[in-house]
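Structure, as structure tokens:
The first chain written gets the first letter, and so on, giving A, B and C; residue counts start at 1 in each chain.
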Amino acid sequence: MARARHPTEDPTWVKALVLAVVMAFLALVLILPLVAVFAEALRKGFGAALEAIAHEDALAAVKLTLITAAITVPFNVVFGLCAAWAVAKHDFPGKPFLITLIDLPFSVSPVVAGLIYVLVFGLQGWLGEWLLDNDMKVIFAVPGIVLATVFVTFPFVARELIPLMQEQGVSEEEAAISMGASGLYTFWRVTTPNVRWGLLYGVLLCNARAMGEFGAVSVVSGHIRGLTNTMPLHVEILYNEYDFVGAFAVAALLCLLAIVTLVLKTALEVAQPAVRRGGH
Amino acid sequence: MTADSLAAQRPVAARRPLFRRRSAIPGFGLTLGVTLSVLSLIVLIPLSAVALKAAELSPSEFLAAAFSQRALAAYRLTFGAALVAAVVNGVFGVLTAWAMVRYEFPGKTILNALVDLPFALPTAVAGIALATLYAPNGWVGQFLTPLGIKAAYNPIGVTIALVFIGLPFVVRTIEPVMRDLSADVEEAAASLGAGRLATIWRVILPALGPAWLTGFAMAFARGVGEYGSVIFIAGNMPYKSEIAPLLIIIQLEQFQYAQAATIAVVMLVVSFLMLLVINAIQAYSRRFV
Amino acid sequence: MTISIRSVQKQFGRYPALNHVDLEIADGELLALLGPSGSGKTTLLRAIAGLEFPDAGQVLFHDKDVTYASAAARRVGFVFQQYALFKHMTVAKNIAFGLDVRKGKDKPPKAEIAKRVEELLKLVELDGLGGRYPSQLSGGQRQRVALSRALAVQPSVLLLDEPFGALDATVRKSLRKELRRVHDATGVTTIFVTHDQEEALELADRVAILNKGQIEQIGTPREVHDNPASAFVCGFVGEANRFEGQISGGRFVAGPLSLPAPGVADGPAVGFVRPHDFTLAADGVEAKVERVNVQGALVRVDAVLASGARIEIAASRADADRFTGSVTVAAGKSHVYAA
């Protein structure tokens, strides 16, 4: 007689079937695209790919992408910490509504995110004339790219921190305050050590999205080579010009960023299982 | 009650600060103030610009812009493809989550990490990669062409891109619920005489229902707004393979700001409805907890 | 330090947590705030600590109004229900926290802080564990760390919120004695919140019993047990058989049972008889013995009266054999309150 199977265990053939289907699906949807990027980038050899990346327009795009992330991520960290402190450590009416508002950018199409800034800062927009008179440029310039990126990454850090800080309650903070610690001291010495891993997790996801955002940035950028092209936009331009090696070479760079993000994220989840949560 | 005890009940005015302390933990006013200001400046006020811009049109102009033949075709494609992609993810997402939670197999850690690839990979990169793979002469496309299937530059291509984008939403929403499903429940079902299939059908799937619906709705909502991964594989033919976000950009490039804003308003309304649905599902599912 | 609570009121939404509470706490006293959950006892403790601020009324420390003073300004030591130890700091750092945060000339020199930490660790019998992290300690040890952390600032009053709630029965018993010992050694005015009447009666000098945001009775453990001021206190403190009945002409009647009720007005009423106040007697009510349970020096007897009411009787072990079949019992002492 065969070994008795535990009631919660699936028969071997079911296991094999499920795994085969899952593997095939993930291969088609996730793995092949990733492989394809590197294969296409190296189609004409390593040198050609490197050359595409070393092109001055590509380097300008890398620089702009880094600048954008360097502004967006710290901004979202400060905002996320502020929002989480207000929402998670205090009680006030309308709290669930505020959390929904903070999450709002996730349910707005990136294209709409770009559009709203065009409507506010564009030539035809609310502030268009005033900006023109004062010789300032937001749309088709770096500030617009940063703003659009901030919008689409807005909830990342806050939504990581709010549930984490809510879970931890307020008694450690109350203990610190009752022993005479100031609010700022309590925040730095008691609260942040408890949420640093969740914060890092949020920063990781926020950074990946900030560097990779396409739709919103595409609307506000104007695609000016060497000036307002981020890496994803540069990929698009090269691709549309049928410079596939160039497009995939820059894309491969972004893939590496994604892989590093996933490796760090997985390491974080293994080391600090508490940070893992679903969605986004 | 004597006059004395009455007086004792009404205390001599305690020094009450101008702003009554709400909480022992400081910083509430400052942090809430910053939160609300930033939220308003970055999100709420700019978003209101869309509605105000669309409102510049007369009602008939608005309707014409919002529901032109071309716009209707774009909505049909956008919502249809997002729906089909969410259904596909609903099926394969559950299987993937099941494999990740219940089975041990080589490479599981890597595969599990890869499920989040769509969160980490820039959408434009995903777009050109999928287009290259599923084009008629691509790695995958070449096997489909002899079968008479065209998987790129048409609505099928749009759907493939949205499957990629939506997958982690379904898997990551279901996974924790699946993991928390205690073995006791299944053992109890088995001890009551239920077969494996009956246990899965009658006990496990109903318990996953709310999480599945939430993941489905999130994947759908994300798919509706998606742009970067879609445009490379869509073909972008008006009336045929043009998604609504692209139509916004096209209107914008023709300086039709109010028309662009009008389509954005339609999409925003649908997004908000989705948000309400997701919240309702989650509120409903909390009844079980 | 003496503490006065004057007509303090606190509302959470539409739910009144404290309703005109008055309380005087003497210098050096060990007071228990006892009540069921939702009775307002924790809110009252937090209002004294400055972690919650009343809507009306006053909190006085030594006749000084501190109603709206910050927690830090009051210099209280607070022990939280789940201890709220700082997970990322060692035991020694946790205990030193209140001294470390001081600024300028208020801050004791490092060596002095270290010495104080050592003293406190010794006081709670945790010498040598200063380098551990909270996660490396048992529940009882964490509780002691929380206690010494609260004492480190030499508080004017020590406040403890359900200090033994998260511990198992044996540790709880030993820590109770420990708190009493620490209180006697330091002489600091101490207030603790509990829902466990045994804990309150055993440990406190006086017990304040709260119900629905009001103080039902304040007194020594003996007073509240022997002379409960209300039906609630009688039912909540100590064990009691509860009967619902009627009063007429100064007697409480519930089925076959009749209890004296001097001074209680005619009408519906509740009567209580503690298990050990039932004794075997020639003239009494008949009770059918269902089960005899020996517990150490006592026997506990489950019996049924003719009316169907179930009662519990506590008697000395020597009488165990007399509880067979039908017995007649009389209530030596009883408490009757108008319903």
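Keep in mind that, in the parts below, a contact is a pair of C-beta atoms (placed from the backbone, for glycine too) under 8 Å apart; a residue touches a chain by one contact, two chains touch by 3 or more.
Nothing here was measured: the structure is a model prediction, and the numbers come from that model.
Contact tally for A-B versus B-C: the pair with more C-beta pairs in contact is A-B. Taking the mean Cα position of each chain as its centre, C sits at the greatest distance from chain B. Remark: chain B and chain C have CA centroids separated by 51 Å (rounded to whole angstrom). Centre-to-centre separation of chain A and chain B, using mean CA positions: 15 Å. Shared contact sites, meaning residues of chain C that touch two or more other chains, fall at 50-51, 70-71. Chain contacts: chain A has residues 174, 177-178, 182 touching two or more partner chains. Multi-chain contact residues of chain B (touching two or more other chains): 22, 24.
Looking at the complex, you find that chain A touches chain C at residues 171-172, 174-182, 185, 189-190, 193-194. Interface of chain C with chain B (complex): residues 6-7, 20, 22, 50-53, 56-58, 65, 67-68, 70-71.
On chain C, the positions that touch chain A within their shared complex are 49-51, 70-72, 75-78, 80-82, 84-88, 97-98, 101-102, 149, 152-153. Residue ranges on chain B touching chain C, taken from their complex, read 8-12, 14-17, 20-22, 24. Listing the residues of chain B that touch chain A in their complex gives 22-28, 30-32, 34-36, 38-39, 42-47, 49-50, 53, 92, 95-96, 98-99, 102-103, 105, 109, 111-130, 132-133, 139-140, 160, 163-164, 167, 169, 172-173, 175-176, 183, 186-187, 189-191, 196, 199, 215, 218, 221, 224-228, 232, 245-246, 248-249, 252, 255, 257, 260-261, 264, 267-268, 271-272, 274-275, 279.
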